[in-house]
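Take this structure, written in C-alpha cells, and hold onto it; I'll ask about it next.
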C-alpha cells in the first residue's frame, strides 16, 4: 500500500519536473498579463461544476470577487455525474464549450489524450508551486498540466447517532468486526435499516480493493486486461457482500439512484458510506436530521489500520476550444487561491490541494473522520483506457451485482471479463 | 339474436377486468402523487389518497426554469404537428385522389420513412446541427420532430381523404367551384375529425422525444419536459410521490388532449363509416 | 384515428372522365393538372429528404469512420473502410442482440394483434355504457406519454412497496415479497412486454372496432342463413373484410415494437448486464454511451437493413397492388 503511494509520488514528481521545463519556453502568455481588467468586460465565463461540489457561499463570494476584479460575469451550471462523459465529449467539440469545467481525477487522462483540454502550465506557475504532488498527478498527462487539482475526498461512514444509541451502540466502531456487531444490534432492534448500501456503490468497492492491496487491471503484454479474478479482489468483494447483507437497498443500483442521502434523511437508516457533503444533502431534505448526524472512519482490519478508501478527487480544466482561455485561467487562479481553496475545504470538508491549507479542516468532523484513512487510499488506474470502463453499464458494477446475487467472485469475474477487456482495448 | 345469461355476462365481466387493467396504472399515478409519504411507503397499499397533499407537486415544480421547459415543449410540439399536418394534407390529397406516375413509389417511400430509427441517428443529426451552428435552438428540434411524425400523419390522412365521398367534391365543382375552392369549402370541414385524430400521434411522439434534445440542447434554456422528467427520476429515484407527481404533470396535457380529440375522432370515424 | 390501409384511390377514373368530357378544359391547364400531384407532394418529399435522407446519408458516411472521443472533439475524419462492419458482424454480440430483437418483436406483435383484435371484437359486442367505459380506459392507456408510463410501471413493479408484489403475496405467492423484477433478464422483458402490450392494444382495438362497424350487416345475415356459427361467420365475413386493416396494423406494430427504444432504455437501460438490449438500445449504448460513434452508426445502418427485411413482405404487397390497380 504505502509502497504504491510513494511510487506514485515519485512519478508525479518527475512529471512536475517535466511540466516546469515545458512551460519555460512559452512566451505567448506574457501578453495576457498586460491586459487590464476592462478588457474582459461584458464577457461571460461558463463554469460547469458537479452537483454538490460548490457550496453556495463559496460560489457567491468567488463570483463577486471575480466580477469585481475582471469585469466579466460567471455563469455556474450544475452538472450530474450520470451521463457526464457523453455530455462533456460533445460539448468539447462545439463552438461554445464550457470554458471551465470540473472533471474527475480518474477521467482526466482520457480527456487529456483527446486534445480537448487546454494546457494550464501557467496556472500551476502562478498558484501551484506547493500543490501536493500525489494530487497533482491525476491532473497531468504525459507531462502536460492538462487540468489543475481542485479538491479531494474519501468516503466516511455517515451515521445516525440516535439509531445507533437506541440499539445500544454509543461509541463509533473502530474495527470491521465492531462495525458488524453494531449493525447486528440495530438489525436486532428492528426499528431501522442498519446501513443503506446499494449493490453498486463501486467507489466503496474500489476502496476495499485498495485496502486488500489489489488492482482492478493488470498488464498482459502491452495491453491492459481485467484483474477481477485476483483473489485480493475476491476478498474485497466478500467484505462488500457481508456489509451489504445488512442493507435492504437494491443490489442493482448505485448510491445516486436514489440519492442515498435522501434515503438517509428519513431517519430510518443507521448509516451510509458516502462523501461528507452528502450529509448536507440529507439536512437539506430533512432539517430535523441534523442533530443526529455523526461521522466515523470506515473501520478496517484493526483500529490503527482503517479500511482502504477510494481517493476521489476533482480537477478543474479549461476547454481547448474555449474562446476565453485567458479569462478562464484568471478564474482558476482566483478559485485556487489560498483564500478560496481554503474556504472550499472548510465549507465542504474536502481535502484541499496543498498541505498548508489543511488547517481549514481542524474541527471539521467530516475531515477528521476522513483523514485517518486518506493515507490508505488509492484510485482507479490512472490510464487513458480507464474512462471507457466507467461508461454505463460499468462492468465493475455488474460484477458487484452478480456477487451479491449469489455468484462466487470468480464466476462473477468471468462473467464480466469479456466486456471489461473490450472496454480497456477500445480504440481511442 | 338470443343469448344465454352466461353469454351475456361474460363480455361484461371481461370488459370490467379490462377496464381495471387499463385504468389502474393511470389511476395509481394520480393516486400516488396525492398521497402523503407514509401512505406511499406502506407495507399494505393505501388505495385512495384519503388525506390528499400537494407537497409532491411542490417538489416537482421546484425545478429551475420549469415553466421555460413547459413553454419549449409546447412550442416545439405544436409547431411540429401543425407544420406536418399542413404538409401532409397537400400530399395526402394527391396520393388519395389523383392518379399519376410513381404514386405507389411515393407511398412505399413514406412507409419506409416511417421506419427511421431516430434514436440511433442522433449522432449523425448532431453533426449536421452542430456544423450548421444551430445547437441550443428550438428550430432544429421543431423541424426534425415534424419529419419524425410526417410519414404517419401523411399516410393516415390519406385514408381520411379517401373516405370523403367523391361526389361531394364533384358536385361542388359542378356548382362552379374551382378544385381549390372545392377542397377548402367541402373537403376540409369533413376532414376535421381526421385531422384531429391524426394529430394525436404527432403530439404524443413529439411530446415524448428525448434522445435528440439531450444531445442537441445542453443549454437548460432550450430543453424540454422529457429531459426534466428523466433527470428528475434519476435524482429522486425512489421518492415515488415526487416522481409520480412529475409524471402526472408530464402526462396531463396529452391525456386532456386525447380525451378531447378522441371523442370527436371516434365519432367522426364511425359517422363517416356509416355514411360511406 | 384510423390506420393506413391500402385501398385503391377512390374513383380516379371518374375524375378524368369528367374533366375531359364535361368541362373540356384547355390543354395547358390539363398539363398543369398533370403536374399538380407532384407539386402537392413536393413539400413532404423535400422535408423528408432534407431532414431524414440527409442524416441517413451522413450516418452512412460516419459508419465508415473510426470516430471516438478524440476524433469527435478535434473534428478529425479517420476513414477505416469496412472495419466497423467487420468488427460488428464477426463478433457474437450483434447476432445475439439481433436474435433477441426479433424474438422480442415477434412476441410483442403477436400478443398485441391477438389481444387487440379480441378487445376490438369485444367492444362491438358490449352495450353502450360498458363500451364507453372501456373506450375511456383504452384511450387513457393510449394517451399516457411513454416516459411517464415507464416511470409508472417502475413504481407498480417496485421491489419495495410496489403494488404488484403486494398483490402477488396476497394471492399466496409468498416468495414474491420484495421480488426484484428488474434484476433478471426474463422478468425485465416481462415488465417491458406488459408495458408495450398495454400501450399498444388500444390503437389496434379502437381502430378494429371502428372498422367492424363498417361491415355491412347483410353479410352476416347471409352467413347465418347459410348456417354459419359465430366462429364460421367470423372467419368467413369479419376476417376477410379486416385483412387489409390487419396487414397494415401489423406492419405498424412491427416497426413500433422493433424501435421501442424509450421503453426498454428508460426502464432498465438494457440491463441487467446488457441482457435486455434490443438493437436500437445496443446501437445507442455502443455508439453514444461508449462513445464509439462510428461503430454506433454502423449498427444503426444494420438496424435499418434488418427492419426493411422484416417488413419487406408487406412493402411488396403494397407495390404489387399498384400493378393490379
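Before moving on, here are some points about what is shown:
Letters A, B and C name the chains as they come in the text, with residue numbers starting at 1 for each one.
Convention: a contact is a pair of C-beta atoms (placed from the backbone, for glycine too) under 8 Å apart; a residue touches a chain by one contact, two chains touch by 3 or more.
Here's who's who by UniProt: A = Extracellular solute-binding protein; B = Carbohydrate ABC transporter permease; C = Sugar ABC transporter permease.
These numbers come from a predicted model, not from an experiment.
By number of C-beta pairs in contact, chains B-C lead all other pairings. Of all chains, A has its CA centroid at the greatest distance from the CA centroid of chain B. Chain centres here are Cα averages; for chain B and chain C they lie 15 Å apart. Measuring from the averaged C-alpha position of chain A to that of chain B gives a distance of 43 Å. Multi-chain contact residues, meaning those touching two or more other chains, occur in chain A at positions 90, 93. Counting partners per residue, chain C has 160, 288 as the residues that reach two or more other chains.
Residue positions 215, 238 of chain B each touch two or more of the other chains.
By the touch criterion stated above, chain A contacts chain C in their complex at residues 85-86, 89-90, 92-93, 110-111, 113-116, 248, 250-252, 320-321, 388, 391-393, 398, 401-402, 405, 415-416, 419, 423, 426-428. Partner chain B is touched in their complex by these residues of chain C: 1-5, 7, 9-16, 18, 22, 34, 36-38, 40-41, 43-45, 47-48, 51-52, 54-56, 58-59, 62, 119, 122, 125-127, 130-131, 133-149, 151-153, 155-156, 158, 160-161, 163, 166, 198, 201-202, 206, 210-211, 213-214, 251-252, 255, 259, 261-262, 265-266, 280, 283-284, 287-288, 293, 296-297, 299-300, 303-304, 307-308, 311, 315, 318-319, 321-322. Considering their complex, residues 126, 130, 133, 135, 215, 218, 220, 231, 234-239 of chain B touch chain A.
Residues 66, 68-70, 72-75, 159-160, 178, 180, 182-183, 269-274, 285, 288-292 of chain C are the ones touching chain A in the complex. On chain B, the positions that touch chain C within their shared complex are 11-12, 14-15, 18-19, 21-23, 25-26, 28-29, 32, 40-45, 87-88, 90-91, 93-100, 103-104, 106-117, 119-125, 127-128, 143-144, 146-147, 150-152, 154-156, 158-160, 162-163, 166, 170, 174, 194, 197-198, 200-201, 204, 207-208, 210-211, 215, 226, 229-230, 233, 238, 240, 243-244, 246-248, 250-251, 254-255, 257-259, 262, 265-266, 269-270, 273-274, 276.
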